[in-house]
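Take a look at the structures below.
One chain, subunit A, links the two complexes that follow: it is found with subunit B in the first and with subunit C in the second.
Presenting the complex of A and B:
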């Protein structure tokens, strides 16, 4: 009451004095408050920017990749990364970055190709160049690339693999599969988790008991062997796209248990809240109470738990493909790329084959930061 | 003398008869409501008093059919609701989840809860919550419903209703929230309002404001109120008729004057003796009722108050006392008057 008694002058004074009075918080919804708290979490904002950037790369990978990821440059097998230079070998500075082409010689002792910069071949880096033709999302033909070198040149920022394909472009293409598998997997597990967790929490009794034991059973089985068993069961003649969905389903079959537990516990604690009883007393139907009062009250917790489980999905796919039982070439994913870095000799001589791992780490870390930030923001009692 | 107690059938809005609500728990059966009869006259305030656990809240929830089942179960009884120009309805014959019951709830029967802090949903504005209830029951569009919500907030004495309507519960004080709860309850103009300890969680000064507000609104809307409380002061202030409950049964039913000046049941007398009276000579100490409430899992033979009653006889311990109703409508459950 006292607050309303303050005159406009007084309120103005308070604002002038920098006192945060209630009017500044007025009519901010739950989501706006949450967003505000999220923005205060620096690492989470940074993570979110990185994640958005990575997903943009994944969505428009044809545009962002400088080279065609499937073309083999047989004369440049296992070539090291090219250095981006501003100063040429004679010491002249150029504002436009460029790379030198590779020239290879055969080391007669180790019978291995040794690459050196070929100073006679200089390729300038350009933004929005015309590169090799592609079809965006498999439909729209185009050839515009975000950056690259002029036609006839080559650009291997992260070197090439054992078939002479550009690792950098392959990483960017691989992000499409690796990142989307996390999202789709999470949505499937969200759907299953919400449904089963909801039934478990709302109905209780025997169904609840049964579902909880199933969840415990699923969680007690070690992940990797179970994934291995399930993905070994995928028919070998399946097309890559079916394998992709098969793997997603396998990953989410285990992922839903976490969501289901969050949803169940929230239902259990919320259904005894007085506002739920009050809503019943006001004549609301059960469906209305679930969808309008219960789910909106805990959806932020579900979002947090889902965000924190995306990295697990991505790592799962990477692990499976790394072991050679997930996705297989010619499909490109980060796990498939890392499969080449399996033996120590390869890693030792061609360390650039490990660069996909950097992207995996970057993604997982960023998603965890975002999840942490969301969790702090979703909890109204955090400071 | 007893003009508040309904004598004619037309004066009755709601009638609870032989209500038994039991809770089947792991440790046994709790007979929370064990044969309650209360009559609610049209346009009057009926105070239901008793100690914690005497079954007053469960009676209220049973009328709304909101007892959580399981573990609760309404075992027997009828709750007849007499709308003004329609056929009487036995509330207990309706399925609690069906549309018919849902239409009664909120529109005909409304409820205010004890805790204004938790009975509003924190993620919606107060206005949204009134609008939602109005739209559930009436075919209004959002703008009309919002106008109505502002009007209701104005009626319950919330200053600046046009602005407050867009505020969240956490931006309001306890008294303000209870006013908002009352606004929600009275939206749609219900005939019967259950107020379950509406002022227990509030400051004493705010309590008085809320009680006055409820009285004013009761006059304005002509709503019948079931006022559940353990505060005899509140009952004396508000109620026209009082039902005293003990161990799941009504032990005395009378109009408020009679009850305070000529209490009959030993339990009622005990209750009245345990209220401090300011200004009375220091010679009189508060005299609490002897003994403790019996274990709720026990099934008691005879009068449930017998163990604590100063007037108990051999008969009280073996035979359940009958409900003795005098012609003026007041009733008592005690062998002393048989």
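Presenting the complex of A and C:
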């Protein structure tokens, strides 16, 4: 019997099924279509997972960091990273990973401490251990850590800095400042950009012309020299939290122009679309048209532009703090951590000082992937 | 064309005015004024403060007058070539700037050229051989280039070369040529050092341009006029270079003006890491010691040069593409 030899009833069923499929396809909302399209971009999905992971680290950094980032282990200054081991020095296998403690001797020629594993001190790694006390978000006291070693031991996964502080924990803590500065900065740019871009696109005329000139001016100024000038002017007696917001505002000062351009051009192109004219004809108020018709139809483009501008903000903070004119110790951010890496001789002897750079690059790379995927997804009807 | 030119020139004047205001703001931002910093500096070094000199300086900068008078004095001074004085170097700002600016311009322009020379062929190749190994490599390098900021790349390169070969790739000259007069040997030494900042600063721009070039070329490749050219029997390289590339290259060329601020900006911070004798390190130092006339003038001159560069690129573009003139 041939395969295509089917009865009329069966054929009808198949046709019905086909129609049904099509209708479910059609009834997907705009956002569902976007999400579908986004999932097809493998790198973007990968990037999104990494980004979510990094932000979880940032939000719960007290929980995820195995050590207290401010405590100075003065006997372990500039100690190299400890290796996580499964096999001890006598060749015995252990299913539970562990590290050996450091033992240091003073090199009489270079007057540097030289570290080697101390086989008599073995610290088992444990999940959900009790570590040193902390206050989650500065409020909730706790001591539970995601992983770590027992009390009295030490765990320096990425070594220690010149004051004997654990670099790995400092990176985790630093992510809170470094990642949030980009996010807050982007929200400020978004607010200014939407407002000014919207006014400019809707009203046109003199305001539009003026705004165009301002945007052109801000885009033609090289950003880093200007950022440097402004952030160096932040008074040195400011509290860390004020400096933090100062830097955020400085970074957003140039950032809003991108959003404003996108919003303006979208307003201009949508202003005369039939559905907008129809809404006007139906007597809808301007506010209703903007919020119900215009903004939903271009918000995805704004999201793309915003996602792609977060990396610039993160890098801006990192660069300024790296140069010593952004955030300053005792605040921990990736840029502050990298400041120690400015001295190339120090980096050569203690290469683990560069590890914060890996996190910066990973973040920026992932955000770029996500932005790329969102750009493809922003217009799910193309192709 | 004349219309277009006047319009562009007027816009540029407005932009320059805006830049001067921003720079003046940067100068004014730190607490206290130039004189209080100067006096503290003098007292710190144990010099007796001369009241008459202070009074004459106050007069010169109009520090007892309202802010717009100060601005006016400052900006007219600049037109006469007086940028103020750097108290840290005890030297006129103009001298300090003229020592550093030419090399900054040279490096920025070289990087710009390098960026385009590298990006355009790679972009075309990437589009013509889509999904080939080379294409994937270009995409990969592109993402890396966009994601690694210049100063981190400089840091990693410095470390790698220092670690593996024991050489320092910082600076623009070897120690022997640092203060030597210009000669052929010094020039060769400069070229030996120049590639590092060029690659480091150009990397992200190149990456972005490759992506744009690839995308625009891909858009054009499938079009009928390309098939037409091919069916005429033109050799393939001629088909590609004479037809789709000519169209695809337009958005790339028209963004030269945006590329320049990015390069100047990138050079500033990379220069600090690589300790190049250009504006970056001096600007940073001036900011750290609140030597504001020097810092503000640097920011101003960097921006002014960028704007002029953008204007030149706009004019060139109008020469190439008649559609722009008509807008």
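Just so we're on the same page, the second predicted complex is superposed on the first by the 358 of 383 C-alpha atoms of A that agree within 3 Å, B and C clash if a C-alpha of one lies under 4 Å from a C-alpha of the other, contacts with A are read in each partner's own complex, and residues count from 1 in each chain.
In the analysis below, a contact is a pair of C-beta atoms (placed from the backbone, for glycine too) under 8 Å apart; a residue touches a chain by one contact, two chains touch by 3 or more.
This is a predicted model, so every value here is computed, not measured.
J.: Label the relationship between subunit B and subunit C on subunit A in the superposed model as either fit or clash.
T.: fit
J.: Answer with first, second, both or neither: which of subunit B and subunit C does A:275 touch in the superposed model?
T.: So A:275 only meets subunit B here.
J.: Check the residue A:83 against both partner chains and state whether it touches subunit B (first), subunit C (second), both, or neither.
T.: After superposing on A, A:83 lies clear of both subunit B and subunit C.
J.: Just to be sure I read the superposition right, which of the two partners does A:36 touch: subunit B = first, subunit C = second, or both, or neither?
T.: neither
J.: Once chain A of both complexes is superposed, is A:323 in touch with subunit B (first), subunit C (second), both, or neither?
T.: Only subunit C; A:323 stays clear of subunit B.
J.: Of subunit B and subunit C, which one touches more residues of subunit A?
T.: Comparing subunit B with subunit C, the partner touching more subunit A residues is C.
J.: Go through the superposed model and pick first if A:112 touches only subunit B, second if only subunit C, both, or neither.
T.: Neither subunit B nor subunit C is touched by A:112.
J.: Where does A:297 make contact in the superposed view: on subunit B (first), on subunit C (second), on both, or on neither?
T.: first
J.: Draw lines from the C-alpha centre of subunit A to the C-alpha centres of subunit B and subunit C: what angle do they form, to the nearest 10°?
T.: Rounded to the nearest ten degrees, it is 80.
J.: In the overlay, answer first, second, both or neither for which of subunit B and subunit C A:242 touches.
T.: Once the two structures are laid over each other on A, A:242 reaches no partner at all.
J.: Quick check for you: in the superposed arrangement, does A:283 touch first (subunit B), second (subunit C), both or neither?
T.: Once the two structures are laid over each other on A, A:283 reaches subunit B alone.
J.: In whole Å, what is the nearest CA distance you get between subunit B and subunit C after the fit?
T.: 13
J.: For subunit A, which residues count as touching subunit B in their complex?
T.: 1, 4, 22, 25-27, 29-30, 273-275, 277-286, 288, 292-293, 296-297
J.: Quick check: in the complex, which residue numbers of subunit B touch subunit A?
T.: 64, 66, 97, 99, 102-107, 110-111, 113-115, 118-123, 125, 132-133, 136-137, 159-160, 166-168, 171, 173, 176, 181, 184-185
J.: Using the touch definition from the top, list the residues of subunit C that touch subunit A in their complex.
T.: Touch list, subunit C to subunit A: 11, 14-15, 18-19, 22-23, 26, 29-31, 143-144, 146-149, 151-152, 155-156, 158-159, 162-163, 168, 170, 257-258, 261-262, 264-266, 268-269, 272-273, 283-284, 287-288, 290, 295-296, 298-299, 302-303, 306-307, 310.
J.: Using the touch definition up top, name the residues of subunit A that touch subunit C in the complex.
T.: 213-214, 216-217, 219-226, 228-230, 232-233, 235, 311, 315, 318-319, 322-325, 338, 341-342, 344, 347-348, 351, 354, 357, 360-361, 364-365, 368-369
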